[in-house]
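Here subunit A shows up in two complexes: once beside subunit B, once beside subunit C.
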Partner chain A sequence: MGVAFDSIGFKASLCDGCGDCMTACSKAKGGASRISIVPGAKAGTFETAICRQCGDPKCVQVCPSGALDKDNGNGIIGWDASKCVDCLLCTAGCAYGGIAVDETVARVAKCDQCDGDPACVKVCPTGALEFRKAGTIFNEYGGKEDLFVPGLSGCQGCNSELIMRHAMRKIGRNSVLATPPGCIPGMGSVGYNGKTGTKVPVFHPLLTNTASMLSGIRRYYDRIGRKDIVVMALAGDGGTSDCGFHAVSGAAERGEKVLYVCVDNEGYMNTGMQRSGTTPYGSWTSTTPVGEHMKGKTQDAKNLPLIMTAHKCRYVATASTGYMEDLYEKLDRAIEASFEGFSYLHIYSPCPTGWRIPASKVIEACRMSVDSNFNPLWEYTNTRGLRFTHSPDNAYPITEYVKMIGKYRHLSPDQLAHIQAKVDEQVALLKLMAAESPPPQAAHRAPAGSSTPAGAESSQPARREIARN
Partner chain B sequence: MPEAKYLLVGSSHAALEALRAIRLVDPDGSMAMLTKDERLPYSPTILPYVVSGRSGPDKVLLRDPAFFAANACTYVPNAQAVSLDAKARAVTLANGEVWRYQSLLVASGAQPAIPPVKGLDGVTYHVLRTLADAEGLRAAMGAAKSAVVLGAGLVGLHAAENLAEAGLKVSVVEMQDHVLPGYFDAKASTRIEEAFTKHGVDLKLRRKVVEVSGPAARVTLDDGNVLEADLLLVATGVRPVTDWLEGSGVAVDKGVVVDEAMRTNIDGVWAAGDVAQATDFASGKPALIGIIPTAVEQGKIAGQGMAGDSYRKDYAGGLPVNTYRFFGRVALSIGRAAATEGVEAVETDSGAYRRLVLEGNRLVGYASVDEPFDVGIMGELIRRRIDLTECKDAFLAWPVETGRRLMSEQWR
Partner chain C sequence: MNKVSTGKVIVCDGNEAAAWGACLSRPDMVAVYPITPQSSLVEYLAQFIADGRMDADLMDVEGEHTVLSVLHGAVLAGARTYSATSAQGLAFMFEPYFRTPGLRLPMVVSLVTRDAVSPTCVWGGQQDAMTVKEVGWIHMYCETQQEILDTIPIAYKVAENPDVMLPVNVNHDGNYLSYGVARVELPDQAVVDAFLGEKQVNWHACLDPERPMAVDPLTGGAGGIGPSMFVKYRKGLCSGMSEALRVIEEAHADWGKRTGRYWSPLIEEYRMEDAEVALVTIGSMTGAAKDAVDEARLDGKKIGLVKIKTFRPFPAARIAQALSKVKAIGVVDRSVNFGWNCGPVYQEVLAALYALPVRIPMMSFIGGLAGADITVEHFAGVVDRTFRLAGGEMATQPVWLNEND
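Right, the complex of A and B next:
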C-alpha cells in the first residue's frame, strides 16, 4: 500500500483577499509569508502561490547542494538551512512561486504545512483554504479489509458502491448489516447461491421493516451483553423515505440504538429509475417523464434528514463523497452515537446511470451539489442542535450544478428559478436552526430515554475501538 | 566482463535524473553509474561555496551509498571512460575494464576550456570544475596574497568574490565588454561590476591575455599592462568531455549531437547534460546550455527513452537561467534577458534594476538586480508562450504578482 499525503487546498471562488493567511504564516514562521495571495484577473478575485509539495519536485532536482528533499513519510519538501548555499536555483525550478526569496533574511522560504496543522488554514475566514486530509484517510484505512467482495455488479462509476465500501471499511467486522431492496443488495452485497457478498452478517429485510428488524437485533445483542456490535442499515432513499419510513420514524422515536445510513440517489434506481419522495423537483425519472406536457417531477423533494432532526435523534448528519474528510468524521460520530440512541446518516449519492452523468464526473457532481447548496452539509445532535460542517456562504448558482446532470437537461428558466428558490429557502431554514446552536440548556433537555434495556443514558462507556482488522 | 542494462557515464544532475526516470518504469533492470571522480555525486555548481568555506566537501554530496543500494545501481567511482565501441556495446575504462551495456547514457559533462595563451602550460594555474579543484584552490588561497582570474563568467566571478573576501588582491581579465555576457544586458552588468570594484576587485574588461609566465603568475595583457599574482585561476568557460567518443561513430559537433529525445545518431546511445548539444528554446537551433535545469530536463528525457517510458515528451529546448548572488546581493535572469533586436524591453532602473523583454506581447526574457522574482514562473510563461495582451499593464507594473496569478490560474 502506497503512502498518500495531505495537502492545503485553495478554492479561489471563496477567497476575499483579506490576507489573514499571510499574516498568520508570517507570524508562525517569523519572516515572510510562504503563502502569497495575489489579485486575480477580475477585480475582487484572488489567486495564490504556495508550495504544492510536488510528487516530482523540480526544486529538489535542480538543487546543487542537496538542501531540498521530499520526505516520503509526510510528503513535505523540506529545506535544510545548513546545507543551503542561497544560490536560488530552486526558485528557477518551481513553476508556482512555491519557493521564493524571503527578503527579510535573503534566503529562500517555503511552506512546510506547519507539521500537519497549517496556521494559514486555521485563520481563513471564508473556507478558501482547506487542509485536505484525504491522504491521512487513505493511509489509515487503505490497508484495512474491504468488507465487500470484489466484483459487485454496480454500474460503472457507482457512487453508492463507493459509500458502501468506505463505510464498512471504517465500521469494521463487528457489525450486523441490513440492506433492504435497492441498488445495494441488488449489486450483490447480499450474495448469490447461498453465499453473501459481504464479509459481515448481512440480511435482506423487506423495504418496509428494516428499522424494526434492526431494533430487535439490537435489543437481543443488548440482552446477551454484546454491546460492541454496530447494528446498522445501508438503505436507499426509497426504502427510507417512502416504504420504510414508518419503521424508521418509529425506531427513531423510540431511541433504538441503531446506525441507519441512507444512501440517497434520489429515486428507485435499480428497478428502472422511478421517482421517490426524495427525487428533486424537475427531475426526469421513468415515472416523471419529459415530453410535450410533462417536464419531470412536479413536486419538491422531502428533506428527510431535516425530518429526522424533528425526531430528536442522537445524531443526524448529511454527507457526500465529494468531501471525504467530512464523511469520515461523521461516520465516527454516527457510530459513536449509535451505541446511545438512533443515529441517522444521510449520504448523497449521484447515480451515473439514472441521472445521466458520465462515470468520470460523479465526484465532481458530488462536490458541486455541496458547493451550490443543493445538498448542504451539516450535522445535528440532540444536545448541541444543528451546525454546518461546510460553509453555505458564497455558493455557486444552482445552474452550475444542474448543467452537469442529464436528468435536468430539459429544465426551463421557470423551473430553474423554482429550484434556486427552494435551495435558498432550505439554506435559510438551516441557517435559522444553526443560529440557535448551541441551544440554551433548558430548552434542549436530553430526550426522555430509550426504551431498550440499556437505556439511552447508559453508563456503558461508548466503544471506541470498532474495527478489528 | 561487467555489464548493465543501463550504463550511465557521469554522476551529476543529468545522470541522476536519468536514474530516477529509469527506475520509475523499470525497477529491476541492472544499472551502473560510472564516474571519473573519486567521490559520490556532487554538483559543479556547488564548488564556489566549497572554496569560500560556506559549504564543505562532505556536505555537498547529493546521494549516499544507501540511495544506490535502494535503487539497485552500482556506483563505480574512479572509472574514467576512455573509449566506446558502439557495435559491441562496450565502454572501456582507463584501468582497462570493459563495461557492456544495452542502453548507454553519455553524461560525461564538461571540463575547463583552457585558452591557447602563450606560456600558460608552463605555469601552475587553477581551474574550478571538481571537488579536488575546489579543495586545491581553497588551500592555495590561504597562502596567497594576490590572484588573477581569467574570465568573468559565473565561475570566474564567484571565485573572484571568494578570493577578495579572503583578503586577496584580485584582478579579473575578461575580453568582453561586460561581466556575465549573455545573461545580462549592459545596465545590469554594470551594477554587478560596480559591486566588484567597490569590494576592491580590479576588473580588466575588453582585455586579452597575450602571455603568461612564471614563477607564480605574471600575466601580460594586450594593452601592455602586466599583472603579478601568487595565484592564477583560469575560468574561461568549459567544453564538453567528448574525447572518449572519438572513433565510436557518435556524432560530435560542439557537444554530442542529440535529437528531441536525447538520442545520439547511434542506436542505444543517449546523451544529456553539459556534454549534449541539444536545441535552444528561443531559436530552435543547436546549442550548448550547460546549466542544471537543462541537465535535469535532458537527463529525465534520456532516462525515459532508455527505459521505454511511454510518457516521454520531446525536449522543448533549453532556456538560459541564471540565479547569481554577489556580495549578498542578487541578480537573476532567464531567457533572452539581454536581447535588444526586434523585442520590446521595459526597464526599471530606479532602486532595483528590472528588465522585461517581450516579443508580440509574450515574455521572452527577464532579468533583475537587487529585486528577486519567481524565476520558475517566468520560465513557464516563456515556455508556454503565454499571451499577455489581456494583462500587459498589470504584468509590466507588478510582474511578480501577475506571474503568480497566471500560474495559479494555469494550475487549476
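Right, the complex of A and C next:
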C-alpha cells in the first residue's frame, strides 16, 4: 500500500477573492503569503497559486543544492534555508506558482501546511479553502482488511458500497452486521444460495425488525460479558423510517447499545424506486410518477435524524460521502457511543439509477446536497446538544442542487419555491437547536448559529448567488 | 436412581403456572408485551426477575413484533428465550413468527389462547393458535395448570433436541386456565436443571464473531442450485417435525421419571378400551368432557375420549389407531375453520382417518368461543348427538354449542 497525504483543497466556485487567506498566511509566516489568489480566466472568478506538495516534484528535481526535499512521512516539500543558493530554478520548475520569491527577504518561500493546521483555511469565510484529510484516512485504513468480497453487484456510481466497505474496515471483525432487505444485501453482502459476500457475521433481519434483533443480540452478549462486539445495522431509509420505525424508536427509547447506520437513498430503490417516508417533496419515484395530474411526491420528507434526537440517543449525526473526513470522524464517535447507548448515523447516499444522476456526478451531487443545505451536516449528543459540522451559511440556492438530478427534472417554479422554503425552514430550526445547545467543547464553539440568541428570530441563511455566464 | 422428587405445592392460576414453568427452565432472556388474557403471566415474570428469583434479561419492548424479534437475535447469539402472547399480539407478531421455524430457532412461547378480533372480544377461544397451525411451530395444548407448568420445560427439551430444533408454542386456554386457580406442584430447580441439561440453541446458525457466518442468505430462485437448496431447507423442517413426534414422547417419559407426573405426550385415550363412540377434545374443555363421558358410562353408554395434546406435529397415526374401532366420532373445537365450515380439529381428524380401511361417521361441534363455557351439560348433548350419529342420523352442518345459551 502506498502512502497518501493531506492537502489544502481549493473550490474555485466558492472563492470571492477577498484575500483573507493571504493576509493570514503573511501574518503566520512573517513575510509574503505562500498562497496567492489571482483572477481566473472568466471575469469574477478566481484561482489559487499554492504549493501542491507534488508526488513527483519538479522543484526538487531542479534544485542544484538539495535545499528542497519531499518528506515521505508527511508529504510536505521542505525548504532548507541553509542549503539554498538562491538560484530560483525552483520557481521556474514549478508549473503551479507554488514556490515564489518572498521580496521582503529576497529568498524563496513556500507553503508547509502550518504543521497540519493551515492558517489560510481557518480564515476562509466562504469555505473555498479546505484542509482535506483524506490522506490520513487512507494511511490509517487503507491497509485494514476489507470485510466484503470484491465484486459486490451495486449499481455503477452507488455510494452504498463505499459506505459499507469504509465502515466495516473501521469497525473490524469483532462485529455483528444486520443488513435488512434493500440495496445493501441486494448487492450480495449477505449472499445467495449458501454463499456470502461478507466476512463478519451478517444477516438479513426482516425489513421491520432490524433494531429489535440487534437489541436481542447486544443484550445477550452484554449478559455473557462480551461487551466489545459492535452490534450494528447498515439499513435503508425505507425500513428505518416507515415499516421498521417502531423497532428503531423502541430500541432508542430503551437505550439499546446498538450502532444503527441508515443509508438514505430517499426511497425503496432496490425494489424499483418506490416512494418512502424520506423521499423529498417533488421527487419522481415509480409510485409518485409525473403525469398530467401528478408531479412527483406531494409531501415533504420526514426528517429522521431530527426525530432521533427527540429520543435522546447517545449520538445522532448526519453525514455524506461527499465529505468523507466528516463521515469518518462521525463513524468514530458513533461507534464509541454504541457501547453506551443507541447510536444513530444517517448517511445521505444518492442513487444514480433511481435519481437519474450520471455515475460520474454522484460525489458532486453529494457535495451540492450539503452545500445547498438540502442535507445539512450536524451531530447531536444527549449531553452536548446539536452542532453543525459544516457551515450552513453561504449556501447555494436549491436550484443548483436539483438541476443535477433527473428525478427533479419536471419541477415547476412553485415546487422549487416550496423546496427552497422547506430547506430554509429546516436550517432555521437546526440553527435554533444549535444555538440553544451548550458549546460542544469549552474552547470550540459551534461554527454557525451559536451567535443567534436563544429564542431570537432566525435569519434566513445568507445565500450565495452563483456567477452566471 | 431416578428417584421421584416432590417439590413445593402452591395454589396458582394458569398464568402463574406458566411463569413458574418458564422460571424453572432458566431462560436467559424474556421479552414481554402485555395483552389480555396473557398480561398477568408477564407481570409474574417481571416480578420474578425484580425479586431476583429468576436470572434473566427482561426486555420490556414496544410490541409483540419486537418481542419475537429480540428473541430471534438473542437465540442467534446463544440465549435460551421465553415469551407469551395472545390473539392480536400473535397477529402483530406474525411476521417474525412466520420466520422462526425456517431459521430453526428453538424457543418456547406460550399462547394464552383467545378468540381473535373481530367481533371485538378479549376472552378465551383457540382461534389465534389455530390460525397459525401451518407455520411450522410445534403446538402443545394443556388441560390443567399443572400440565402448563410441566409442559414448558418439556417444550424446551423438545425444541433444543438436535433432531428437532424448532420453536414450540405451549398453549393454554385464556380465562378458564389463565385465571382459573388450582393446586400446582413446583418441581425442584435441580430436577429441572438435570432434565434440561446444557442449552443447545445456536450450534447450527449463529451471529458470533468467533464463528462468522451469513445467516439466511437469499435462497431459491429458478436457476442453479436454488430450487434444490430451497427444497432441502423445507424438507429439513418437515423432518424436524416428524422427529418431534418421537422426541416429545421421550421428553414426557423422562419428565415423568423425574417428577412422577406422566402426561400423555401426543394424545390421551380416556376410557377408550371398549368405546363404541368417541369424543375428540383439545385443551381445558377436556375436564368437562371427561365428566360427561363418566356420566354416560354410568348410564351404560360405551363412550370414550381422545384428547389431543400435541397438535403440531399432528399425531395422525396415533389418532387413527385410537379411533379405529368406534362407530361414530364427535370432535369438539374451540375455534372455527371458515373455509370448511367446521372446526379445525375436526378437519384434521377427518384427514387422519383416511388411513383407516373403514369410513367412520364424524361430526363437528364448535363451542367455548369468546369466553363461553362448554359445560358438562353441553358435552352431554355432544354425547347424545354422537350416539345418534352412530345410529345413522347424519349431519351436514357443525353444531354450535353455545348458539342457544
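Everything that follows uses one rule, which is that the second predicted complex is superposed on the first by the 396 of 469 C-alpha atoms of A that agree within 3 Å, B and C clash if a C-alpha of one lies under 4 Å from a C-alpha of the other, contacts with A are read in each partner's own complex, and residues count from 1 in each chain.
Operating definition for what follows: a residue touches a chain if its C-beta (ideal position, glycine included) is under 8 Å from a C-beta of that chain, and two chains touch if they have at least 3 such contacts.
Quick caveat: nothing in here was measured; it's all calculated off a predicted structure.
**Student:** State whether A:E47 touches subunit B only (first), subunit C only (second), both chains, or neither.
**Tutor:** first
**Student:** Touching subunit A in the complex: which residues of subunit C?
**Tutor:** 28-29, 31, 57, 59-63, 65-66, 69-79, 95-96, 99, 206-209, 211-221, 224-226, 229
**Student:** Hey, which residues of subunit A end up touching subunit B in the complex?
**Tutor:** Answer in residue numbers: 10, 12, 36, 38-41, 47-49, 52, 58-59, 61-62, 64-66, 82-83, 85-89, 91-97, 100-101, 103, 106.
**Student:** Please give the residue numbers of subunit A that touch subunit C in the complex, ascending.
**Tutor:** 173-176, 185, 190-196, 198-206, 208-209, 212-221, 223-224, 229, 246-247, 249-250, 253-254
**Student:** Touching residues of subunit B toward subunit A in the complex: what are they?
**Tutor:** 13, 17, 43-46, 49, 54-55, 59-62, 292-293, 296, 321, 323, 325, 328, 330, 332, 334, 372, 374-377, 379-380, 390-391, 394, 400-405, 407-409, 411-412
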